[in-house]
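Each of the next two complexes has subunit A plus one other chain: subunit B in the first, subunit C in the second.
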Partner chain A sequence: MPAVTYVSADGAREQVELAVGTTLKDGALENGIDGIVAECGGNAMCATCHVYVDEAWIERLPERSEVEDELLESTASERTAASRLSCQIKVSDELEGLVVQLPEEQE
Partner chain B sequence: MSATITSDAPVSRLDPFSERFLNDPYPPHRELRDAGPVVRLERYGIWAMARHEQVHAALNDPETFRSAAGVGLADFTKEKPFRPPSLLLEADPPEHSRARRTITGVLSPKRVRSLREAFEREAHALVERVVDQGRFDAVDEFAEAFPTKVFPDAVGVPDKGRENLMAYGNMVFNAFGPQNEIFRESAKGQDEVREWIAEMCLRENLRDGGLGADIYEHAPRHEMGPDEAALLVRSLLSAGVDTTVHGLGNAIYCFATHPDQWAAVHADPSRARAAFEEVVRFESPVQTFFRTTTRAVEVEGVTLPEGEKVLLFLAAANRDPRHWEEPDRFDVERRASGHVGFGSGIHACVGQMLARLEADVLIGALARRVEAIELDGEPELKLNNTLRGLASLPVRVHPASA
Partner chain C sequence: MTTVIVGAGHAGFQGAATLRQRGYEGAITLVAGELGLPYQRPPLSKDLLHGETTAEAVAFRPAAFYEKKGIGLRAGDPVTGIDRGARHVDLASGTRLPYKQLVIATGARNRELAVPGTDLDGVLALRSLTEAKALAERLGAARSVAVIGGGFIGLEVAAAANQHGARVTVIEALERTMARVVSPLMAAHVTGVHEQHGTAVMLGGRVAALLDDGDGRVAGVELKDGSRVEADLVVVAVGIVPDVELADAAGLRLENGIVVDEHLRTEDPAIWAIGDCAAFPLPNGGARVRLESVQNAADHARTAAAGILGSSIPYDATPWFWTNQHSCRVQIAGLVAGHDEAVVRGDRSAGAFSVFCFRGDDLLGVESVNAPRDHLAARKLLAGRTTLSREQAADPASDLKALAAAGQPDPVA
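And now, the complex of A and B:
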């Protein structure tokens, strides 16, 4: 199972192993990692599962859909080139070692 | 419809649109969940799913479980719909996608957040009013009073005739069930109501800068014409009022009957938003929606033929012990995310952020002023083929000492 590291806003790192096909949002929630709200339950409606992907990974992730791109305009913490919605990214073997940073605020 | 039905499909004689069922849906929900992952409802010749896993999966598989044949009992491929179908609710991709993009562009979380201040002013005034009264009907004077003011204000609908909004929503949601007495009763006098709604969907009647006018502005970007924009405004007016009213009424009911839970919200009003999420799970305003199979599909060993109606019990999924711990316990500290009270997938409620904002603001304002809510008479249900909510809820509130 690919290992993914979540880095909290205050810098604490937590590495978890996630089954292929799990979304980064579910991976965080199922492992008790704080910092993801996902109010809409993963339906790309709320922009409260915002993460910053580690720089090395920005280009390696599947592209944002138009819906994700538009929703990222509504994040509570500033949007950057590294911004993604964690409900829209599914874990695959290619993502082994992925590192994502959680934002200060989600709501 | 004549295709063979595998013999191992459990069969139920329950009528989910009977008054008996609607009055107390939770025991029959349990019965349906326990009968199996998919159950044949003999009375209507349809299928039902009531477990979280299957309901969630069907909602997220629109290629197999389509919406364009209607999300009610009526099959639009065989019967003429009672109104031109919704471009959102009663549509499939790719047509659905254009309509959805138009409306999600208008109802972005950022835009919804921008409404907070106006909503807070109304909520504050309303809470002061009911606290002064002490005893009031939490449906008429509270749960209904708030959304029927702030929602049409946000959409940009003129003041005159707004009473039609509740009547229209009630009828639309009844029409997803059979043409029973409940439906017929709600359809009385609807010609004028429908005429008013159609008028309100026209650009010239919508205030500049409101959500309705925004739909007209966004529509051309997704190749939608003015007639289509009008239908999208109709979606807002159909789905945005009764649902929220029932959600708020159910919230007050839950708090009045679970005083310890209200005490927790009163102690920390920032919990109002999460508490509302739990209300939507526990007393889901929208109880059911139909889908129609596009092909023969196997569900846990049972084959559903093509073109069959499938009734998805959102409210039963939200209390499925296979998914939730102690599902019948109302617990405002629960992580209720993952409930299907707003649906899931491409048809998930497009106004859900607006509903959350209304609830957050109103329940938050009440929590800051009121330390206890108690029933002051018997609540009365408002029976509807699809919705669960109250017709009246007499309560007494005790203001917190300043």
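And now, the complex of A and C:
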């Protein structure tokens, strides 16, 4: 199972192993990692599951869909080149070692 | 400082989470009428019925969350009474909980169908996880399914039953489906998609009775005109009624829901009501409404939590909603009821378009099907100060996003 590290807004790091196919959102919620709201339950409707992927990973993740891209315009914390919606990214073997940072605010 | 939240649905859960997230230091007790972990409802009529998620996966958060956040979850022990004078609530177990602030988030329950036969085996409804599991189990084996009620939930169930291979009939009493919440144009489009999949949609169908097969199992539906629809599974989805009995018994004012002000506070300053059970005033002196959506529940919860923490910012969120039926991913922004003109943007025949609903020059709401970008722009348009003309709405070359951005209040420096 690929290991993913979540870094909270205050810098605390937590590494968890996630089953392939799990979304980064579910991976965080199931492991009690704070900082994700996910109001719409992963339907790409709410933008409260925003994360920043570590720089090294920006290019290595599957591209954003148009909808994800649009929705990222409505995040509570600033959007950057590293911004993604964690409900739209599924864990795969290629993502072993992924590091994502949680934003200050989601709502 | 103690806050008691009654009901652990979308509103109650979010209220507890937001209070903690914003630094509330008092005790929080979240009283859930149902056993088990608090859960989300949208997947119950969608992914769960399609076998794409499990009953465990619909929980908002694992049990550890409540412990970590210091949220006292009391599951399966409903509140039976509120004593406003003494400021405490009583639970079914006999426990008494004092409160400084009380949040009523009791939601709603299914409206019952007042005809003979609703207690037959094979007659189901859908609101709770338990009901969803029962329905998911039966859908696999059902050969013919009658869905009574052509609202969102009825139609989502119809789509799932159809995809499980059953012969499906939707019986709607009104002259169109989803009449309360979508335009005739969007309703006709989505209904057409159901029909293309082989589902029969009966409009103006008045149910007289559910029929017994002689062994206590349902055999079908009899309509008032004497016709019959054969079915070995009947799903009743004729809307909901807000759960207001507690508030009523406590002497709080009701008006199709628990009456609250623009802060979601009832006439008792220590009591708030949020979500499906709350009748609240629309911003800018608008009418009092009661809405049934996740957005409404969660945004209400945020406003009430902020209020408990001392904020006085009134509620003014733009409503949004979604429903998935067959290939139609429908998203609605605003409230379209009362519109007098519907302007289409996009290609109806391709099944990806939006309906802009105007009353006079006011844009009331936008319904999008498989057009999520329109939906997101519409949410911004409705929240901002842009006036959109019908021509701009209809012209696919007009940039909605840019128009919406132009109408946004200036970012706070």
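Basically, the second predicted complex is superposed on the first by the 107 of 107 C-alpha atoms of A that agree within 3 Å, B and C clash if a C-alpha of one lies under 4 Å from a C-alpha of the other, contacts with A are read in each partner's own complex, and residues count from 1 in each chain.
Keep in mind that, in the parts below, a residue touches a chain if its C-beta (ideal position, glycine included) is under 8 Å from a C-beta of that chain, and two chains touch if they have at least 3 such contacts.
Given the structure is predicted, the values throughout are model-derived calculations rather than measurements.
Visitor: Does the subunit A-based superposition show subunit B and subunit C clashing or fitting?
Guide: clash
Visitor: According to the stated criteria, A:41 is in contact with first (subunit B), second (subunit C), both, or neither; which is it?
Guide: So A:41 meets both subunit B and subunit C here.
Visitor: Looking at the overlay, what does A:72 touch: subunit B (first), subunit C (second), both, or neither?
Guide: neither
Visitor: I'd like to know which partner A:82 touches here: subunit B for first, subunit C for second, both or neither.
Guide: Neither partner.
Visitor: Examine A:30 and indicate which partner it touches, taking first as subunit B and second as subunit C; both and neither are also allowed.
Guide: Once the two structures are laid over each other on A, A:30 reaches subunit C alone.
Visitor: Kindly list the residues of subunit A that each of subunit B and subunit C touches, one partner per complex.
Guide: Subunit A residues touching both partners: 29, 37, 39-41, 43, 45-46, 66-67, 70-71, 73-74.
Visitor: Which part of subunit B faces subunit A closely enough to touch in the complex?
Guide: For this pair, the touching residues of subunit B are 101, 104-105, 108-111, 113, 277, 335, 337-340, 342, 344-345, 348, 350, 352-353, 356.
Visitor: Residue numbers of subunit A touching subunit B in their complex, please.
Guide: Listed in rising order, the residues of subunit A that touch subunit B are 29, 37-43, 45-48, 66-67, 70-71, 73-74.
Visitor: Please give the residue numbers of subunit C that touch subunit A in the complex, ascending.
Guide: Subunit C reaches subunit A through residues 14, 17-18, 21, 40, 42-43, 57, 61-62, 64-65, 68, 294-295, 298, 302, 320, 322, 331, 372-373, 376-377, 379-380, 401.
Visitor: Quick one: which bits of subunit A touch subunit C in the complex? Just the residue numbers, please.
Guide: 26, 29-30, 32, 37, 39-41, 43-46, 66-67, 70-71, 73-74, 107
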